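Have a look at the structure below before the remarks.
As written, the chain order gives the labels A, B, C and D, with residue 1 at the start of each chain.
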Amino acid sequence: MSETIDTLVEHTSAFVRDVVIPLEQDERWGGHGPSAELVEELRSAARAAGLVAPHLAAADRPALSMRDTARLFRAAGYSPLGPVALNIAAPDEGNMHLLERVASDAQKAERLETLASGEARSVFLMTEPDNGAGSDPSLLKTRAERVPGGWRISGRKWLITGATGARFAIIMAATDEGATMLLSDMDRPEIVIERVLDTLDSALPGGHAVIRLDGLFVGDADVLGEVGQGLRYAQVRLAPARLTHCMRWTGAARRAHDIAARYACERTAFGKPLIDHEGVGFMLADNLIDLKTAELLTDWCADVIDAGERGSQESSIAKVAVSEALYRVADRCVQILGGLGVTRDTIVERVFRELRAFRIYDGPSEVHRWSIASKIKRDIAAQP
Amino acid sequence: MSETIDTLVEHTSAFVRDVVIPLEQDERWGGHGPSAELVEELRSAARAAGLVAPHLAAADRPALSMRDTARLFRAAGYSPLGPVALNIAAPDEGNMHLLERVASDAQKAERLETLASGEARSVFLMTEPDNGAGSDPSLLKTRAERVPGGWRISGRKWLITGATGARFAIIMAATDEGATMLLSDMDRPEIVIERVLDTLDSALPGGHAVIRLDGLFVGDADVLGEVGQGLRYAQVRLAPARLTHCMRWTGAARRAHDIAARYACERTAFGKPLIDHEGVGFMLADNLIDLKTAELLTDWCADVIDAGERGSQESSIAKVAVSEALYRVADRCVQILGGLGVTRDTIVERVFRELRAFRIYDGPSEVHRWSIASKIKRDIAAQP
Amino acid sequence: MSETIDTLVEHTSAFVRDVVIPLEQDERWGGHGPSAELVEELRSAARAAGLVAPHLAAADRPALSMRDTARLFRAAGYSPLGPVALNIAAPDEGNMHLLERVASDAQKAERLETLASGEARSVFLMTEPDNGAGSDPSLLKTRAERVPGGWRISGRKWLITGATGARFAIIMAATDEGATMLLSDMDRPEIVIERVLDTLDSALPGGHAVIRLDGLFVGDADVLGEVGQGLRYAQVRLAPARLTHCMRWTGAARRAHDIAARYACERTAFGKPLIDHEGVGFMLADNLIDLKTAELLTDWCADVIDAGERGSQESSIAKVAVSEALYRVADRCVQILGGLGVTRDTIVERVFRELRAFRIYDGPSEVHRWSIASKIKRDIAAQP
Amino acid sequence: MSETIDTLVEHTSAFVRDVVIPLEQDERWGGHGPSAELVEELRSAARAAGLVAPHLAAADRPALSMRDTARLFRAAGYSPLGPVALNIAAPDEGNMHLLERVASDAQKAERLETLASGEARSVFLMTEPDNGAGSDPSLLKTRAERVPGGWRISGRKWLITGATGARFAIIMAATDEGATMLLSDMDRPEIVIERVLDTLDSALPGGHAVIRLDGLFVGDADVLGEVGQGLRYAQVRLAPARLTHCMRWTGAARRAHDIAARYACERTAFGKPLIDHEGVGFMLADNLIDLKTAELLTDWCADVIDAGERGSQESSIAKVAVSEALYRVADRCVQILGGLGVTRDTIVERVFRELRAFRIYDGPSEVHRWSIASKIKRDIAAQP
């Protein structure tokens, strides 16, 4: 098994290096993510290489543990387009995880299979504008009202990743029984993509959209899991989703570091290679420390989840520490590259922007710090 | 006089608020800066308001001191487009400063006047690709060879701000007598704009280009100042240019702070306004500290320059400390805004990107720290 | 006047260099501050030099402005024993400031004169143990009850600076009319110094004590100012006291920097002087930045107070930023000195410990950040 | 085996809690470490509990792996006096490690046994004053000259931990064949303890001394290992010694955190427990992150050493990152405790001072960063 994962990781690394990275300068990768065409090109290549969602269980293999998934995703993340190619990017990857655990057999047959195969993309409609749900999910404003045979959903969603081109949506809405998740196809006139936002980050297909739900009807069979259990399911999705973010972005930060380290060895200023200037050498040393820390924290949290625990506290610790460590790495790489670092001539500039956003996505550092502190308080209260 | 500057600053603030800020969401402001058309629209408005390069001496007024200039530029910088509107943006502002001090009367008549009036834009061709001149100007590779009646210049320049649409260039080239500055119109076939770079920052018209000089001829009368004095003139330009950057960007960071502070008062999460969460309130407090520090360091250095000193050490101190302080402000503002902070729906996202670049432009922090340390060493060696 | 302050500062610097610094290695300077004998030796020398409390008004001179006081106190603070010698150390300096503004003529005659002359020392009994008054003064537990002819005070105080050897006390106590300040001689049996605490800092005579007030009687004439105005008077004392702390400690941090810079020039490792290693040179550069920032923020706040304002927000900004900047300076100096830095062979080790405590004394950074944030909120609420 | 280590760790934790911690306020623990008497009291108790150097191989057990040692040492380090009690403190613990690997059988019989049993203490004479050996061991000035039958050693050593009361020394001296290690009893008149330094840290018996070697004679049999191999042996000692420092101090930082967390739950200010203030809660959250990071990096490096590798790069990474992370923890704990934090009423103040020194001992962060950067450079040079 360990051999299998070694092989899979090597295979993935080679695929990223030989197929994905050469496409990074493709002009179809714009401010709202790679175009549908470029995504399909990447994904076809992954399909040919047998690398579509390779962490999931298949006929000939069990699902990877989180610990092994970490190795795989880091290898894939070495290019920001790698996870898109392998169909292990957000939000689909987290949506698959959620559907696997919560969806009915019929829902799985209808939605999960096309999602896992990379044929379709999905969205997760949670965050809201206008002081609605965000870090604090209790502010949920989108409502689903019971109507004969189903539900009618109205509200606005915001910063919805991958909406353009997605086939179906998981929608979080408030009901009288509590927050509830519901499924819907995206090609419905009551789902209006108002606009796609211009954002700092740009790795994900479809970018981030503002969406209006204008009395969207979904049937009773489209409720995901049980009515009123939406917040609980959000937790099911959240801890692993945070952690797979950490995995993918560790790969990207490592890439930035490799580029900066090589540049520092080749570029000369003031009489010697940059790396021989302690001001630069120390930054590279700190990069190694941060990268190793990111890896160790991720693996530790993966072990916790593999042991069957929720890993809520652990994934908060990992999310804060990893996102901030990787951001520092990217920031230093920009600085080491100097003028080159602020241009898109290397991938470092994109990685920097992605990692800035990562400190906010899936819960800003402040929310996680708060939840860690709350746990400390509860633990002390529980002591004799 | 103090009254005059008060009035000028108020006038500028009102102009930025009423005229410039409404144009910030104009789609003609793209990744390579505001378009020529948008620049002209902004500048016409400034002209109508009597606010074109108002720091320069004119028939009815002397030039502002650096200290007063600081107040003016901070007011103008409250929008990243403000300095463009007022014609006090890089590189033109620094080029005017340089031409005023070094250009011959003929050169001033030919170049400086159209520049100061905002009719023309200019470029400063210094930085080079391929391990050429950058933070270390001694690596200069572009050569100017004496030919009958003038000079023939060949080489490549890189990260040249505002090249597209500029009327003339100041070119730094190596000669047998040492680095030399030369003037040339930009509409010459031997000046090839190879491409405009995609960059993190996007406030300056024309963006940043790669330029090839293919045996460009300039006459003897186009030498700026004396042959071989290029590095000295670069210093003349450098200290004030660094400082005016600090001024403009302090305005922008203040803007980001104002937006974030207001948002923190209006947005509620976990039962109270964000600002009542210490995690947010403390960030805003740190912003105020950093903004005040930036202002005080800039004013202190302005006083040194106003007193007739070069201010080399002081401007290095100001440049490092101000760029890093303002960057922290912008970074905190992004974080406070959360998801909104990573979108272009507020100006904060642009300010963040500009300020990241500012830590590199006009000398990365590391180069300035090194020069400050060298001065400490010389000072100690000079002690008894 | 500017000449006078120049002369005074030079005189002070020479006194510190020639008289105070040689006494720093005196073994009478222990963990609870310099002994009474050493204090008297220092103070006699200051008296002889005409340097006792030279910022106060005297027959032949007006009081110094806060701005000039800043220069004087920085010069005196170049040795941690300098302020003790000049009788401008906490808590006496703040107590004089308070008495000048609030005490009755009789109280001034009785207490202020011996205090200003350096003949007596005083204490300020505010902070309490056991969840009593500290950063949050509303928790005040010590009670003063009205009895015929005066008040009877009971309670415990903690971290009381300079108690051993002090002649009189200003006591903050709760009454039915609100917090009230009262005066008492210290040689009263009802004032019990339970113990002197071992603390990180060690510059102040008498150290920091735990004190019990066992039904201490004070007469009506011993009420300082009005009954129930204690918290307001505490504010009168607080802003300037914070700022004079900033002044004195800027001098000490500058001293640490000078020692570290000289060491870095003289000590060689890995083939060159330490200062030629960027890892060290950059730290020294950051020291200069922090020292200049500390000076500018202090002077700015001094100007505000000189202009007759309370300077509450400004002194919070200065206190947080200066204490943290100076602490970073001291921390870097320890690091630059390496093994030597952790020994008491240089004054740097003591300065480091003092500055660590300064981040807590007179309000921890967190309390000041909170009050700055609250002001931001009020300012925004007051906007149209 | 895993059960054995579990039991051992629990046993150690109980011993520290029940026996060691109650002795922390003993006045025999002064500025130069616990007195000989207090050390003996601690060690007798450890002997009675079967906890003397329990990581070493004994008749009934093999030596612990580094990974298991990490758990044991963290448990012991929960009090700064724990490692002294268990005889696993520096420099003895590192000296045992060195002797085990390099000493002759005769030397082991003579020196190692009494050392391991806790009967004797030892010193490691490496660091020198006056620009001699320190972070850069090539500056070694102490000389050993061949004389009939042995060597005559002269020089000065500085910051020598535990000299007072030690039974024997390992001396690093320059010879014509290169740096060499030699053994000597400490009770020789040619070994003069000039003075014991006052230092920031105070956990180790005997403190840190300045020592003069006045022509000390040692026999040929007292050469440790081979002549000229001193620097290599220093490396043998160094990586594990750094790592065991990390282990012990992680325990101490955890202790500080536990104290601060409990205080934050019990102490109220501004209307709620401190921990409910985000300013405090976030610090505690960051503590957990830093503590977990310290543990993971230590364990990772322990695994590398257990796998038989030198772990030079890994132990540099661990040393920098762990010492800085733990220092941040201690610094935050001081801050959370406020006034209490700067007093010796809790152990936090001592832990803070120890951890400040740890950023310098066994190689300052800067030296490790430099060696990490050098390795990055070598690795890139070795790439195709």
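Methods note: a contact is a pair of C-beta atoms (placed from the backbone, for glycine too) under 8 Å apart; a residue touches a chain by one contact, two chains touch by 3 or more.
As the structure is a prediction and not an experimental result, all values here were calculated from the model.
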Number of hops, subunit B to subunit D, where each hop joins two touching chains: 1
Most distant chain from subunit C by Cα centroid: A
Interface composition of copies subunit B and subunit C: same or different, split at half: same
Of A-C and A-B, whichever chain pair has more C-beta contact pairs: A-B
Centre-of-Cα separation between subunit C and subunit B, whole angstrom: 42
Whole-Å separation of chain centres (CA-atom averages), subunit A against subunit C: 51
Centre distance in Å when subunit A and subunit B are each reduced to the mean of their C-alpha atoms: 37
Subunit B: positions in contact with at least two other chains: 277-280, 282, 366, 369-370
Residue ranges of subunit A in contact with subunit C within the complex: 277-279, 282
Residues of subunit B defined as touching subunit C within the complex: 261-262, 265, 273, 275-276, 278, 280-282, 284-286, 288-289, 292-293, 296-297, 300, 317, 320-321, 366, 368-370, 372-374, 376-377, 380-381
Of all residues in subunit A, those that touch subunit B in their complex: 31, 127, 131, 134-136, 139, 158-159, 197-201, 208, 266-270, 277, 279-280, 331, 334-335, 338-339, 341-345, 349, 352-353, 356-357, 359-361, 364-366, 369-370
